[in-house]
């Protein structure tokens, strides 16, 4: 419990259920004097909003973020920033016929058992809708990072065997291409292939998993030793996103096939700064950023809500067939909509790391 | 900073440098009344201790843990448990010739830049020696879990293409086989193949990566929603271990190749309890344990300290060749020694989750 | 920063400025299954609301609390409870003429210097209005405590030399009398004397300080040793209330005039339980509750906003006279309105202590 | 639980029992590059050490602090600083005859009930001996503050009606006089009177309470709003010290007798800086330091261990007489030995506030 907050010095607390009155986030610890507007947040929310294309769920959420506190005359005041998004899309009646069923891959079973009750309306607190608050908070974190010269970008990297090819050190190029793509995939070739796959699986009433990659030009020295290593905090951030099943930094799981003489990134002195020839480290050594591009990868399972009927149990533990109600709306590939969420979570971790770093030495 | 603590209610703080006077851990929040002895800790420490075989580094650390507080008449008192391990193996002189060199894959560069100084003696705080404290604390966490009927076990699962085949639901079998193996690998066939690979790479003066898997019979309902999901905490725990590069839960990265109709674990009612036909979830849904076996995987990069000479920079940013001093002792495959550390970290997360869970509902 | 949260397991985060759009609180960690309604909160808010009598400020705030999340079918779900109170009373124009002046005893100077800006409209974040959120959260904490059989009550105890005489062990009697009093004073004689004093000082355009006392029938064993002693947490809670200048537990500052043989509370065995003959301890020994009535006292300075003109500086550091604008509304004795806030803060500390206590022993 | 840590960025964790093997503290979050030696700590420990005079308990503890980690070549490294003090004075046998008795004013009853067991040897964890660790950590905090130009000093201010007269703004004068006094009282006249009182009460086998005052020249802007107000953190710190019963800042409880027109500190512009004519605020407005001297007062109850026989209960809840064993050593006035502890706790709060303040604005 008390599990709805994230961060140490730049700290967010989110609240709200999918089909409740509203959802929201309180950001505590943003330094005073940062220019922030509702527009900044709206732009980010628009990106994750469903209904954007057939590749995401066709809901019309039209999320509208309102800043209720912490900003005065267009600038942060140092007081907590409260952002609220009122829920408009409210009809939960269509879920009535299946509310007695355990939904495979869903929160319903574990929530029911842990709390003794479950808000079945659209997933309640466990709904991916909660991630809109992360994106809203991430918009502020990104503004703060930008003030310090730091950019962060995430993109859809892989679905099945289709992999986006990108030049990771070219962050602005990636960002530009990613923003143009309706599935946040910066490589046009992979984009087309993935879009075809998604369209086809949607047709089948099924769903697909995917991998999201993020990168940042963060400077040398962010992150802390031992238990608050930058990769540990990024890992916790990414694995807190609904449907994520894994996280890796730099060479990640492919390290199992490498030898030390190959994996070690050789130091070079180039243009007045220390760089490494390769970047298997993914921009982090011993929990602290090296100044090389940060590279993290997050995998998302295929959306658990699918049109295909599924065998399951009802609350009396009897076998029953689950068929989602006509008109249910679900992303055929949740990894697509996860892209701005990954970007937001990375920004939250990095903003916090930046503030924490100020007391490293005298 | 203040980054040397881990956990919420069952909380540890570690301290100490590799070649300093001592290392230690303070455990705060262990309930009173648990039987605990130095022997309990010693057994666990013996497992991770180097010098056990050629597969780990041939140092003779002979770590001896002393409980300095928190235990009275053989039982915990509710007061903090302080454990200290004095360092005996002290000669740092052989590192003098290379102390001006950046060591690829090591903490030296980032620590030096972040803190303005670096304790070069054996890696100082960044040394894997710090993990002995995690293992000591994990011994207490495991005793607490056992009191609640929970077991946790980790084992070496993969090195290069050699993969241990195990029946994950048979936890006691895995534990037994793993404890017999000098590389903590419960599958005899894989064990032999991996031992050969390690012997061969050691010969070359090089090193190998590896994957460690952990599992637990934890009950339904542990873990919390949103930012303190069980997988998020496990992820942070695992990625805080030196040399780890990635973490996945259940189906993990292979989810990218699966469809929802396959990935969703179908609920079944068997022998009076709800189980799932498959366990792609890895024992966690929406951050909360399902009662199915917990399955996590952690990848470790190949040891960065290798005998082979490596190109690098000195502190003046000039190119120089790094050759580790004769007699330096390093594990050819750090994943082997990481096994008890992974087990300890998992135990720490689960003990904390167990205590936190007591206030879920009225 | 990140200073707007309070509590460990039962944790609140408040936000909002006096003259902003809204104020609110998020309660994280309330166990699922507690019956909670907006009515519960409204009753508590009504008590602290100004305009109730001449003894408090004559504003008509008509605060209306809305629960936006965390409650489903009349019960808490374990998800964060978000409560919002929209601000209705908005005209800040009358403060324009004095916005360039440092206000003695106010937040304006320190906030301006710390954050580089100050939301002058009605005190912004530093306004006592923030305490409405504490009272709203306290309403939930009190319901939780009641579920466990614990009551907590606060009352106005002293203004100048007028002191309310009460039988501290008779908690329900105190509560009843206190609720009947427009100044929350349970002793009719002191009530009249204090009301006269307040009326008179209001006439003068001046203000008065006061002491608020709280008590609770909390059971034996709540609270933790060393840094999280119950009195330490209560002290932090009380000293976080605007205008409070001191806190004491049990015998408090009068201990300086006592000898050990008198101060020590002698243990007695009465009606099957251990009690003490006196209660100088105020219900706490070594940070842990004894089962005797909890007794804490909080002192509040006289309201700093007064009608009388005051010498001060303007932002250019020049001497100027501060005269509050006609129609400014301020409590002549802030201690009166602090009573429900003290009660709320005590409830928040005790609810948290109750949840924390569940893991004291096996 | 997990209640043995204090602070946010400059964070300490203490451990150890009075008659256990050792006591110690881990300081996490001290910036790298601070010059620190065991001598620095030893000087502070010597001050609080008993046996110094008849005014404190005549034990010969001869505490010797050892730094086990976090300092390299005489400077902090950013790694946790572990300090250990081994216990030498060990014979607990004389407490055997009274171990079955509840000791009035002591931790024994509440600890026994909360944890199901109690380490009766010299008070175990609840012993004032734990405060040696606070003093050791405070020595480091004071060095850090000094680096930033901040001094903090505490002194014995009052016992019964004897009150030390000091010029609070003259911090160095206070410090000098206080250090010369065997009871840490900077006013020679009050010192003599108090020493007489203590000698006389000791003769009677009884004890006295006392008030300790602390002050600091801290700069403008330290502290945070709402729940982390500087006075709230100081209050928690002071009320966590064994035997403390109350804390007040500035005018404190005497505020109840003041009017607003008198209490408000008038701003003045003097020698290029903003000061106030009076300092009823005690150096803090709205939780943030004003740049005027910080003034806090802490009251300590009379020592609960007294030679005079006391009526009490044994563990079977039967009446029995408690007579402390011959040779028991107890301070006749615990406030004397509390002086360096108050100073240490104030330093810990201020060091943390200093580090936290660095992110207030852009």
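We just call them A, B, C and D in the order they show up, numbering each chain from 1.
Everything that follows uses one rule, which is that a contact is a pair of C-beta atoms (placed from the backbone, for glycine too) under 8 Å apart; a residue touches a chain by one contact, two chains touch by 3 or more.
Values in this document were obtained by computation on a predicted structure and should not be read as measured data.
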Chain whose average C-alpha position is farthest from chain A's own: D
Centroid spacing, where centroids are CA-atom means, of chain B and chain C in whole angstrom: 46
Centroid spacing, where centroids are CA-atom means, of chain A and chain C in whole angstrom: 39
Between chain B and chain A, distance of the C-alpha-averaged centres to the nearest whole Å: 27
Interface hub residues of chain A, defined as touching at least two other chains: 1, 3-5, 9, 14, 29, 31-33, 78-79, 111, 114-116, 125, 225, 359-361
Touch-based graph of the chains, sorted into line, ring, star, complete or other: complete
Residues of chain A defined as touching chain C within the complex: 1-5, 7-11, 13-17, 20-24, 26, 28-33, 66, 68-70, 72-73, 75, 77-82, 84, 111, 114-119, 124-125
Of chain B, residues touching chain C in the complex: 9, 29, 31-34, 78-79, 147, 225, 355, 358-362
Chain C residues touching chain D - in the complex, by the definition given at the top: 1, 3-6, 14, 102, 104-107, 109-111, 113-116, 125-126, 130, 158-161, 201, 206-211, 220-221, 224-229, 231-240, 242, 244-253, 255-269, 274, 276, 280-282, 285-290, 299-306, 308, 310-313, 317-319, 356-357, 359-361
